[in-house]
Structures are given as structure tokens and as C-alpha cells.
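Paired with chain B in one complex and with chain C in the other, chain A is shared by the two complexes that follow.
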Partner chain A sequence: MPRLLTVQDLVVEVPGRNIKILNGVSFSLDAGQTLGLVGESGCGKSMTCYAIGNMLPRGLGQAGGSISFGSGESGSERPTIAMIFQDPTSSLNPVHTIGYYLETALYRHQRLRGNDARLEAMRLLERVGIDNAKSRLGAYPHQFSGGMNQRVMIAHALAAKPQLLIADEPTTALDVTMQAQILYLLEELKAETGMALMIVSHDLGVIARLADKAAVMYCGKIVETAPVEQIIQNPSHPYARALINCMPSIDPADHQPPVPIPGSVPLLDDLPQGCYYNPRCPRAAGECFKRFPPLAPVAQAHNVACYHPVAA
Partner chain B sequence: MTGFILSKAVRAFAVLFSTALFVFVVLRFSGDPAERMLGEFATPEAQAAFRTLWGLDKSIPEQFLIYLQHAIQGDFGKSFADGRDVFDIITQSIPKTLTVSVSAFIIAILLGIPAGIVAAIRRDSAIDRLVMATAVLGHSIPMFLVGLIFIFIFAVWLRVLPSSGSSTWRHAILPIATFALYNAASISRFARATLIEVLEQPYIAAARGDGIPPSEIILRHALPNAAIPLVTMLGILATSLLGGTVLVETVFAWTGIGAQFVRAVGQGDLNVVQAMILVFTVFVVMINLTVEILYAFLNPKIRSQQ
Partner chain C sequence: MSAPLLETRNLTKAFGQKTGWLAKPKILCASSSIDLQLNARERLGIVGESGSGKSTLGRLILGLTPPTEGEIFFEGVNHKARSLQGWKQFRVRTSLVQQNPLSALNPQMTIGEQISEGLLVHHFASRAASYERAAAMLDQVGLSSAMMSRYPHQMSGGQRQRVVIARALILDPKLVVFDEAVSALDVSVQAQVVALLRDLWQQRDLAYVFITHDLRVVRHVVDRIAVMYLGRVVETGDIKSVYEWPRHPYTRALLASVPSMDPTIRNIQPPINGELDPGKIAGGCPFRPRCPFAIERCGTEAPLLRDVAGQRVACHRAEEFPRSVQMGKEVA
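And now, the complex of A and B:
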């Protein structure tokens, strides 16, 4: 598959305060591939998406590194990127109807207007599982449930015919049955359209289900990246291992309670010397307190930023 | 929609009636108009004659019923002070006041809203600081002082405008400017704050991420949302268009309803006070009704409840 996106040493910081929200993030994504970003709150998962989607919040700027598209050569075009968000209801403009939202997007991305845009908007709504599409076009976001609004956002994303869909915690604000339905829908759409997907979640279950490869983030850095089975079954970074261990098991034979990670995430303006995980890490020693470890391969397509990775 | 208007009309009537009753009773308990009108050295006989003349010797419920009977027929009595028809006093002074306050309000909106929008879009820039500094000044200097400063500059020093009176349109310029400056200051600050809050909403970030051009984001996505609280705020400001010009009218000797009201309250001219408060009430009720209709028009959440 051709390369779609390459992120190299991406740094996003709060200007003038030397706080690096993203501190040298590198990864790549091929067309049609699904990448899962995992990590605790504040680790920079969402910020990575915003940087790629060109929607960094006011006051934050890309301070280093590069985001390149396609083969990376000059002249390669920016692929169409669409995003869906954690809280669908507040991500939809309350004064506009669902129809306005979809039809303006269809005009922007496909130059459809009038009746063509209406018909296509109805088709998209039906595709994401909203019945009575015709009457729903006149509805406002506050008349829909969170799950329905997330479907509307997905329909809106599809209107762009995206090569890459960025889903920032798409199921976090939804109830469990709705979560499953939305994940199923995303899986289907991916297979149908061949778009690449970048999915952010703190829920490893979501990542395991959808992603081909996963990247674990900690304090603005990627600490491990590997094919998703590899990360779930055989995490090398002590943090990745700890994250997996605190997932409750669904297997009734497994009576092991989830193990919480000791300590808490350090503040970004008060990071420890060396590896940021060292205060919480049982394996930290020597070099760990001096320099942040570089991301190095431990197996095929499996990179870990750790001096003392957990052996397979 | 008919149900909506009907329920509002019933409510407006209830507000009007209870205000009339309340004011009527309070005015009669808050001092003896005979004493205030005739002075403390008037003989008891003169005071008694005054009370009989104006019907103040009857019981309050009786007085109120008589008042209502006349008021329904459009007769609001005569001024205790000079015997002029209250209706005439009011119909003569209201246009004067509205000339100043409504023109000032329109100017304030035309200045304040664009200034607030520009300040919000160019937040923290030099132009934002300039707009906000002007607004803070305009808002914090008392209106009568601004009026006096204007008189000093334009009437005393430059001698281009009259300092007081209300006979020609040139007399209206300084009062309008004074009142407009004050309102424009509040409007621009509020517009800026509201728009900034809207611009920080997730749906605006989402629209940006979607590649919608900035001008369209402001016009189609941000302003329709900011308009909702802004209309509420303008409604509150508009309720002061009749009574809020008292200071300006006093400074510029403009014979509007505000100045008349202050005189009537001071002299205990009950019929005038009573009628003016009713007029203010009708005005406020009408403004509130307008705001509610606009609100339903602007806010789909409210529209779908009706």
C-alpha cells in the first residue's frame, strides 16, 4: 500500500513557556491502514490528531518536525482528511440543521447542490444507520441523542470522501451498546471505502478491535509502536505492559483483578530527567535517569523507547 | 403561534394590572401629597380641600376603582401641580425622549456590535486593546460627566452646538452622542465576550478542521450563536430607553419623560407618576415580548418547544 502520511519528530508547544505537548512524535500510515493511538489523558493523543487535521487550538503552534503526505516528495497533495470527535453533540453547531450541516459539506467537497445534495445527504444518513432520513434533515443536533449525533458526524465525514478519517475518542461519550454499534459502523465503512483510519482511545479494547497497528503515547512521546496483536499480547515497554495489565479481563476463568499503575502522570512543565516514565517504572535504572531512550526496533515493525524493554 | 401570542398577552395584562395596583398603593402610603404639594405651612383646611379636590379622602380601594374606571377610558387624571392633562404631558414628552434614546440606541448598536466583533476576531491585537480601552472609558465615566465634557468641548470651547434646550435638531446631537457612547461601550464589550466564548466552542474548532474559510466561520457559524445572548442583552438595554435618559435629559435640559418623571416624583404629583410608571411598564413588556419572539427565531432549541 502507498504511504499516506508521515509524521516526523513533531513538536507542538505552548509558545514562551517551554511546555512541549508533543515532544518529537514520529509515525507513518499507509493508505487503508488503521492506526490506534493509546495513552492516558493528556499524553498528546488528541493533540497529534489536531496537528494533522490542521486544527490546533488557539495559542498552540507546531514548533518542530514535519507532517508530510503521500510519498513525501514536494508536490504530493494533501489527502482529504475528515475528523470525528469525542463529544459529537457539542461538535455540531446548535443553530444549524443536520441537513444544512451535511449539504454544505457536500457542496464544499463534492460541489453537489440543491436536490442532488439533499438526496446524497439522505443516502449518507441512511448509510450510517439513521432511519427516516428525509425528515431528519430538518432536525437540530439537540433533538438527537449522542449516538445519533456521532452517526451524523460520521455521515459528514463521509461527505468529504476522505482518504484518512481521524476519530478522536469516537465512542468515549457514548453508552456501551452505542459504542459497539459505532465501532461496527466504522469497520464497515473502512472496508467499503478503503480509507485509512486513525483512532484515538484510552480504551485498548477499541484499539484491539479496529487497528492494524498501535502506538502507545506517554507525555507527548510515542513509547512503543507495533502491530496491534503484538502490543496487546507482547508489550515491550513497561508502560504499555502496565496499561494492558490494568485492563479488566472479560474471561470468567481469569480471576486476576486489574493492576493499577502506581504514581501519576507527571506534569508537562515538570518532567523528570531521563525517561519520563522512570518515577513509576519498576525497571528503571542507570541510563533511564539520564536520557530519554530513543525509539529502537526490538522486532519486525516493533519499536520501543526503553533501555530495559520487557522481553518477549 | 396563536397560543404563544395569547399566553404572552394574558401575561402582559397581568403584569400591567399588578404593577398599576402596586404602584397605586405604594404611592399613597409613601407620604401625603397634600403636604408635599401645598408645603408644610398650609392650613389643615387647605390640605383637606386639596384631598377632597383630588379624591384622596376616599379609601384606597375606592380610589383605585375610580382610577381604573377612568384609565380604561383613556383618562389618567390631571397633574396636581398645574392641572394639565396627564395624557398630554406624557404624549408630549415621550417623543422627545424617544428621539434621543432610540437614535442613540441605533447608533450604539451600529458602532458597538462591529467594534466588538472586530475586537473578538483580532483578540489581543492592538485594535482589540484600543476598542476595549475606549469601551471601558465610555462605560466607567458617569453619563452626566461625559455630557458636561461634551458641553465644554462643543458648546463652550468650539461653540458649534447649543449646550441645552430641546427646540431644534441641533440640540439633540449632544444628548444623543452622550447616551450612544455609553450604550456602545456596553454593547461592544458584551459582543466581544460573547463572540470569543462562541469561538472557543468545539463546533467552531470542528468547522475549522473541516476547512471552512474563516469569514464563513464567523458569519455562518459563530455569529448566529453569539446573536442569541446578544439579543437578550440588547433587550435589557432597550428597557432603559424610556427611563434611562434621566441623567442626560437633566444635563442638557431636554424636556423628555425622564425629566418630567423626576419632577413629578419630587413633588408628589401622584397622577403623573402613576401614569408614567404604567407607560414604562407597557414599554418594558413590549420589549420583552420582542426579545422573546426574536429569541424563538434565533434559537432552535426554544423554537422546537413551542
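And now, the complex of A and C:
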């Protein structure tokens, strides 16, 4: 598959203060591929999404690195990117109907108007699993549940015919039953449209289900990236391993309670010298307290930023 | 046999909902006909989709909202027969921990003041002694006593949740209701709180009700579980047996919806569609509109909770489902 996106040493700073929200993030994504981004809250997952979607919050700026598209040669066009978020109800404008919301997007992206736009909006709503699409076009977001609004957001994203869908914690606010429905919908849509997907979640189960490759973030850095089965079954970075061990098991035969990670995530303005994980890491020694380890390959397509990676 | 610590009989709470201007209020049952028993030191989990009535049940148990019908007994005493003094004693012997630790804490009081407040209010200790006990309590929840003089905004989310737990346990209650107490926390912090809860329970004469929509966590902190759907308990039993062999289609669907950690399990149709809709309560089984196994009888006759192999299950077809639910895969 051709390369869709390459992120190289991306740095996002809070200007004026010496705080790097993203501190050298690198990864790539091929057309049609799914990347899963995991990590504890505050590690920079959303900020990575915003940077790629070219919608960093006001006041924050890209201070280094590059985001390039396609083969990377100048002249490569920016692919169409759509985004969905954790809290669909508050990202929808309460004063507009669902129909208005979809039809304006269809005009913007496909120049559809009038009856054509209306018909396409209905088709999209039906596609994302909303029945009685015709009557729902006149509904307002507050009349819908969180799960229904997330479907509307997905329909809105589809209106752009994206080559890349960025889904930032799309199921975190939903019940597991609705999560299972949305995950299946995303799987179907990926197969139908061939779009690439970047899925952010703090739930490794969601990542295991959807992602082809996964990246684990810690304090604004990517500390491990690998094919998803490697990350889940054979994590190499001590933090990735710890994250997996603190997922409570649901398997009736496995009675091991979740294993906590000691301590807490350091603040971005008070990062430890060396590897940011060193205060919590059982393997930390020597070099770990001096310099942050570079992201280096340990196997094919498997990169780890650690001086003492766990052996495969 | 001594009386259970907590018992509810035929507990029902109905909320009136006005559907429009001058419309007759429609009755929504947040919980109906719930019979629960909890012994001293027992740990009960309550799960179900949001809106299934879990929080309402928790508030009913703690006497924070009156039932529409039915009775609640705590240490053998009916809530309805409790005097003012009796309620005071009840408040000392029970407590509630909720989801958002920041809003549960007073931003203008130090951590030490908030934890010791209960002791002072109930005149259980002098100021100096209560401060000392608060510091000891902080130590038990794994925080340094240096935190005593801090304010809530100076702590991380996980630390705040520990403070809330310390405050809930300072009077040594016999029963605590945890309502989504770990739901908003990161998995790493969640695992810390789970370990803490297991430790504290070991050391104390404590029973609790652990309300959550998280089917992964609950399994590691309770002895028994009750699954709620539209205000009813549809299955209850020993946590181990329910997870090994869930008998109600709803329990099975909930468990099968949890994404597996096995990356080869993909493209799995959701076990059930739609969502919980209180407007759809009709005759028959409340789960029928979403149940993949509904038969004619389910539309006419409401299933009652009955014994099925040591569990209590409200489904006409409870005996028919195979042992294992494949996590992340479709049911049956």
C-alpha cells in the first residue's frame, strides 16, 4: 500500500513556557491502514490528532518536525482527513438539525444541494445505522443519545469521503454494548471505503480489535510502535508491558487481579532527567537517568525507546 | 443465622416524566421489585448499561431518595421506622463514594480537614485526635501524611480518589456504596484503586456495593454480582459462576461486548443492537425488543427471577444457553 502520512519528530509547544506537549513524535501510516494510539490521559494523543488534522488549539504551535503526505515529495497533495471525537453531543451544534449539519457538509465536500443533498444525507444516516432516516433529518442533537450522535458524527465524516478518519476516543463515553456496535460499524466502513483509520483509545481492547499497528505514548513521546499483535502479546517497552498488565482480565480462568503501575505520570513542566518513565520503571539503571533513549528498531517494524527493552 | 446487614424487599422507584405541556406524567421505573440481601463483609457488584437504574438503587439503599414502594432494612431496622437519631447512626455506619473526586471534594478545605471532618461533626474525637486519625487513614490509602495540608487541586486524579475513599472510611462504616468510583480513572490508576480496595476490605469489617458499567473491573473486587436491565435485576449470582456461565441473554451480551485483548478477534457483529429505551417497557420480558433469543412466550409473560443452577435468572430460556461466552464474539 502507498504511504499516506509520515510524521517526523513532531514537536508542539506551549509558547513562552518551556513545555513540549509533543516532544518528537514519529510514525507513518499507509493508505487503508489502521493505527492505534494508546497511553494514559495527558500523554498527547489528542494533540497528535489535532496536529495531523491541522486543527491545533489556538495558542499552540508546531515548533518542530514535519507532517508530510503521500510519497513525501513536494507537490504531494494533502489527503482528505475527517475527525470524530469522544463527546459527540457537545461537538454537534445544538441549534442545527441533523439534516442541516449533514447537508452543509455534503455541499462543502461534494457540492451536493437541494434534493440530492437530502437523499445523500438520508443514505448516510441509514448507512451508519439510524432508522427512519427521513424523519431523523429534522431532529436536533439533544434529542439523540450519545450513541446516536456518534453515528451522526460518523455520517458527517463520511460526507467528506475521507482517505483518513481520525477517531479520538470515539467509544469512551459509550456503554460497552454501544461500543461493540460502533466498532463493528467502523470495521465495515473501513472495508467499504478503503480509508485509513487512526484510532485513539486508552482501552487496549479497542486497539487490539481495530488496529494493524499500534503506538504507545508517554509524556509527549512515542515509546513503542509495532504491529498490534506484537504490542499486545510481546510488548518490549516496560511501560507498554505495564499498561497491558494493568488491564483487568475478563477471562474466567484468569484470576490474577490487575497489576498497578507504581507512582503517577510526571507533569510536563517537571519531567525527570533521562527517560521520563524512569521513576516508575523496574528496569531503570545507568543511562536511563541521563538521556531520553532514542526510538530504535528491535525487530521488523518494531521500534522501542528504551535502554533495557524486555526481550521478545 | 443472624439477619443480613442489608435487605431490600420488593423495592420500587418510579419517576414521573412529563412528556409535554399538560401531558399526564409518564411513569418511568428506575427500579422495580428489587430483592437484595447483603451480609456483613459481603461485596456486591451492580452492572448494566447507563440508565438501567444502578445509581437509583444505590441512593435508595442509602436512604438518599425514598422508594415508591417496598422496604429497606439495614442491620434489621426498616428505613421507614428510623428515628432522627436512627438516621444519624445510619449515616455513621454507611457511606457513598461517587465518580468525580474533584467535585466531591471541597476546594477550600485542606485534605486533612476534609478527612477528619466526619469525626468532628459526630463528636467522635477532639480536633487533635481526629487529625491524627486522619493522617493514619491517609497512610492506609497509600498517601503520605504530608498531603494533609494540601488542597484538592494540588493532587492528581488518582490521589483525589484515594482521599475520597479515606474520607468515606474514616468513621469505619459497615456498608459503602461505590458508584462508578473508578470509571473515570486511567487503567493504571484504576488498578491502583482496585488493589487498595482489596487491601482495605481485607483489613476491615466492611461490606460494599460496587456500582459500575465496567465489566472488566468489577470482576476483581466483588463476591457477587447483580445485572440490571431497565430497573430490574435480570441475573444475580456468585461472580465466578456468572462469568463462567452467564445464563441471561443480557448478561451474555454485556460480556460478549467487551473487546477481547486477542487481536485476531475482529469484524465481530455486535451481540445486541440498539440501546436501552425506557419508553419501550411493554408487557412480557423487558429485554425482549433487543433479545436475539426471544420467543412468543417472551412477549406475553414476564419472566420472574428463578433459580437456575445456583444463579437467579429472569429469562424463560435460561437453561438453553451454552457454558462459555466467547469474549468479543457473538453470543451462542
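We adopt the following convention: the second predicted complex is superposed on the first by the 312 of 312 C-alpha atoms of A that agree within 3 Å, B and C clash if a C-alpha of one lies under 4 Å from a C-alpha of the other, contacts with A are read in each partner's own complex, and residues count from 1 in each chain.
The definition used in the following text is that contacts are C-beta pairs under 8 Å (C-beta built on N, C-alpha and C of every residue); 3 or more make two chains touch, one makes a residue touch a chain.
All of these numbers come straight from a predicted model, not from anything done at the bench.
Colleague: Putting chain B and chain C onto chain A via the overlay, clash or fit?
Modeller: Aligned on chain A, chain C fits beside chain B.
Colleague: For the overlaid structures, how many degrees, to the nearest 10, lie between chain B and chain C at the C-alpha centre of chain A?
Modeller: In the superposed arrangement it comes to 70 degrees.
Colleague: Of the partners chain B and chain C, which touch A:I232 in the superposed model: first, second, both, neither?
Modeller: second
Colleague: Go through the superposed model and pick first if A:A285 touches only chain B, second if only chain C, both, or neither.
Modeller: In the superposition, A:A285 touches no partner, neither chain B nor chain C.
Colleague: In the overlay, answer first, second, both or neither for which of chain B and chain C A:V176 touches.
Modeller: Second partner only.
Colleague: Looking at chain A, which partner touches more of its residues: chain C or chain B?
Modeller: Counting contacted residues of chain A, the larger count belongs to C.
Colleague: If you stack the two complexes on chain A, which partner ends up touching A:S91: first (chain B), second (chain C), both, or neither?
Modeller: first
Colleague: Regarding the shared-chain residue A:S41, is it in contact with chain B (first), chain C (second), both, or neither?
Modeller: After superposition on chain A, A:S41 lies in contact with chain C alone.
Colleague: May I ask you to decide whether A:A301 touches chain B, chain C, both, or neither, giving the answer as first, second, both or neither?
Modeller: So A:A301 meets neither chain B nor chain C here.
Colleague: Considering only touches as defined above, state whether A:L204 meets chain B (first), chain C (second), both or neither.
Modeller: The second partner, chain C, only.
Colleague: In the overlay, answer first, second, both or neither for which of chain B and chain C A:A242 touches.
Modeller: A:A242 contacts chain C only, not chain B.
Colleague: Quick one: minimum Cα-Cα distance, chain B versus chain C, in the superposed arrangement, integer Å.
Modeller: Comparing every C-alpha of chain B with every C-alpha of chain C, the smallest gap is 7 Å.
Colleague: Identify the residues of chain A that lie in both the chain B contact region and the chain C contact region.
Modeller: none
Colleague: Would you mind writing out the residues of chain B in touch with chain A in their complex?
Modeller: These residues of chain B touch chain A: 200-203, 205-212, 221, 224-225, 228, 298-301, 304.
Colleague: Per the contact definition, I'd like the list of chain C residues that touch chain A in the complex.
Modeller: Per the touch definition, chain C meets chain A at residues 49-50, 156, 158-159, 186-192, 194-195, 198, 213, 215-217, 219-220, 240, 243-244, 253-273, 275-276, 327-328.
Colleague: Residues of chain A touching chain C in their complex?
Modeller: Per the touch definition, chain A meets chain C at residues 40-41, 129, 145, 147, 175-181, 183-184, 187, 191, 202-206, 208-211, 228-229, 232-233, 242-244, 246-252, 257-261, 264-265.
Colleague: Touching chain B in the complex: which residues of chain A?
Modeller: Listed in rising order, the residues of chain A that touch chain B are 50, 53-55, 57-58, 82-83, 85, 87, 90-97, 105, 108, 140, 142-143, 156, 160.
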